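Down below are the structures I want you to see.
There are two complexes below, and they share subunit A, which is joined by subunit B in the first and by subunit C in the second.
On to the complex of A and B.
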């Protein structure tokens, strides 16, 4: 009789333990499933966000290319032709006043031609496609700092032969934006751009003697509406799975961009 | 003295007009035909061969780089002057390697254009 009771108690405990274990397993399974679902949703969200950034960047590039081509080819041809027509007027047939007006008009036309060419090159660089990233950086730097008081130096790793066109275009845009910001806001008189290929990573550094951004500034401004250029940089870095760091000392400011290639 | 025969190839007629104005300053130069692209230029050169071709680099159908190479293969005596908007040194060297005899920017002064043409023809 006692044995039967003991057996029943043991069986009861076993059943209870079994039930508790089942409940515990069910809870754990449910928790794991929820976690998996949450992770999948996060991945999906990140993927969708990257797709949106990619689409925005691609559409921006297409538009830049289109405007650049129109300026370069159509507007450029019209302006150059206008110049040839204007300068085709024989100076000997003009009186002194008209000569001066003619001269002034020709000067203004030359100025417009140069500016249009500059805008077109900033919007889209054929040099990047034809001669690669290093040449495009050197050319852009020379173009935007030529005629200014900023002295420049470049030490670009020639071992880097280029990645995909989209990758190089994004990297070029990041560097272009950083150079523009330095010229516009930092008040620098010396600017140096270096690049090093380390294994499967390209590291580009911009070092200048002006008042550059700190990491905190970048994080703050790149989320603001008015910091569109920095936002573009952040998006491109995110998409290329790279890193951007800002360092400041009392004498120099450095921006370091590292990207897997 | 017979006039020097010139052919102009550019997909923008408005620029061809501008060049005609500049070329008209020398009576010894005669534009024998114009073309919209490199292919049209080569087709027209099968009928009439100029002494000098002035052409743009960027053209539809056939660009100035390919056209320069083909002209030099078929008509080595014809001088080729490329006038374009590209001012990169490497690009210009590449063009010269393909056989171009001269290169000028589209916004060059008329005096510069005429001096280069005279250098190539006289």
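On to the complex of A and C.
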């Protein structure tokens, strides 16, 4: 009788404890499995999102190339032909008033041809392909700020020899968009672009004395429907696994883009 | 050494609760576990008096020598307060049968102490009902955590520690409570062994609760630097 009770109590305790421990272990394994599943789903979602962004960016680049080619090969050719025709007009047969109109027309046509070529080059980014990112940035900056009131300065790290074409293209587009925004909205009179290669990371800073964006503004505007430029910047940064930060003081505004290379 | 070991076991229903309560006192809590705080306060009071009576019976006046009422009260208060805490969790609110179990437990308690047993004698059926009640609640909580496709509460939530503490101690105590009178009648050695096992179960209960409360801390209530800043 004694032994029976002892055995019953001890066995009962062991079995109950065993069952409870099994339940606890099962809960823990179950949680681990759920966490793994959730992480896998998140990764898949992120991968799909990246693929979508990549496809959008690629199609945007293709479209830019198509427009650039059309401008260069078709519109440019027609404009050049128009210029030839205009120059073919004998000036001796024209009176003074028509001569002035002819000169004005030729000047405007020249201006249009230059601008179309400029737009075509910007869209195509041939300079980026041939001379690298630093030169492309300098060229673009000179092109968009030349003749304006903005004074510019560039201090680009020459140790950076370029990454993959897609990577450099995306970074170039980001900088293009940031420069355009500074000119359009910030009202800056000084713009400085610096780049530094830190280990395996390229850090590009845009510093200007205008009214730039704060980090909060960027987060707000980049999610708005009309903020297409900022949305593109955010997507490209996301795709390149980089980081963008905005700092603002009463005197200067800084945008810092850091990207792994 | 043996004296310290005896002291450690004799007061096993007190010091783990003091540790848990001290953590409550020193740290603000992230999740609201006020019911558990009051459960600990009441348990500490009742267990301290019950342990004192059992250890120093000769010092206690005659009318107060019986500590059975305290254990009976604990067998009511613990399931009621732990049950209320668990029923307040969103995770368990969907299980209507738990409310019925809660109600049945209250009815059983009333019926038992009004018509069957006296509250002044040790009620093994009451402690057994307490164990069964708490096991039903904790097992439902764990099973729900497993069957739910999403993770209902994060694993760091104090409810997991509370349920683990209660689940482990009650699963150990269930068979002890079931055969408590037979055990006492059988042999002295077996009685000592089961009481020691029960003490260890209580230590596990208190320390797991203390861990859960510690992990649920938000910030210290008293900062030594707050005055100097």
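One rule holds for everything that comes next: the second predicted complex is superposed on the first by the 260 of 261 C-alpha atoms of A that agree within 3 Å, B and C clash if a C-alpha of one lies under 4 Å from a C-alpha of the other, contacts with A are read in each partner's own complex, and residues count from 1 in each chain.
As a working rule, a contact is a pair of C-beta atoms (placed from the backbone, for glycine too) under 8 Å apart; a residue touches a chain by one contact, two chains touch by 3 or more.
What you are looking at is a predicted structure, and each value in this text was computed from that prediction instead of being measured.
**Student:** Just from the overlay, do subunit B and subunit C fit on subunit A, or is there a clash?
**Tutor:** fit
**Student:** Check the residue A:74 against both partner chains and state whether it touches subunit B (first), subunit C (second), both, or neither.
**Tutor:** first
**Student:** Looking at the overlay, does A:245 come into contact with subunit B only (first), subunit C only (second), both, or neither?
**Tutor:** Neither partner.
**Student:** Vertex at subunit A, arms to subunit B and subunit C: angle between C-alpha centres to the nearest 10°?
**Tutor:** If I round to tens, I get 160 degrees.
**Student:** Counting only touches as set out at the top, which of subunit B and subunit C does A:113 meet: first, second, both, neither?
**Tutor:** first
**Student:** With the two complexes superposed on chain A, say which partner A:6 touches: subunit B (first), subunit C (second), both, or neither.
**Tutor:** second
**Student:** Would you check which partner chain A:34 touches, where first means subunit B only, second means subunit C only, and both and neither mean what they say?
**Tutor:** A:34 sits against subunit C, while subunit B stays out of touch.
**Student:** Applying the document's definition of touch, where does A:16 land relative to subunit B and subunit C: first, second, both, or neither?
**Tutor:** In the superposed model, A:16 contacts subunit C only, not subunit B.
**Student:** Would you sort A:59 into first (subunit B), second (subunit C), both or neither based on which partner it touches?
**Tutor:** Once the two structures are laid over each other on A, A:59 reaches no partner at all.
**Student:** Once both structures are aligned on chain A, how many angstrom separate the closest C-alpha atoms of subunit B and subunit C?
**Tutor:** Value for subunit B versus subunit C, nearest C-alpha atoms: 60 Å.
**Student:** Touching subunit B in one complex and subunit C in the other: list those residues of subunit A.
**Tutor:** none
**Student:** Which stretch or stretches of subunit A touch subunit B in the complex?
**Tutor:** Residues of subunit A touching subunit B: 72-74, 76-85, 87-88, 110, 113-114, 117, 126-127, 130-131, 135, 139.
**Student:** Which residues of subunit B touch subunit A in the complex?
**Tutor:** Touch list, subunit B to subunit A: 10, 12, 14-15, 17-19, 21-22, 24-25, 58, 85-86, 88, 90-91, 106-107, 109-110.
**Student:** So in the complex, the part of subunit C that touches subunit A is made up of which residues?
**Tutor:** 139, 142-143, 145-146, 149-151, 155, 160, 164, 167-168, 171-172, 174-176, 178-179, 182-183, 186-187, 190, 194, 197
**Student:** Please output the residues of subunit A touching subunit C within their complex, sorted ascending.
**Tutor:** 1-2, 5-6, 8-9, 12-13, 16-17, 19-21, 23-24, 26-28, 30-31, 34-35, 38
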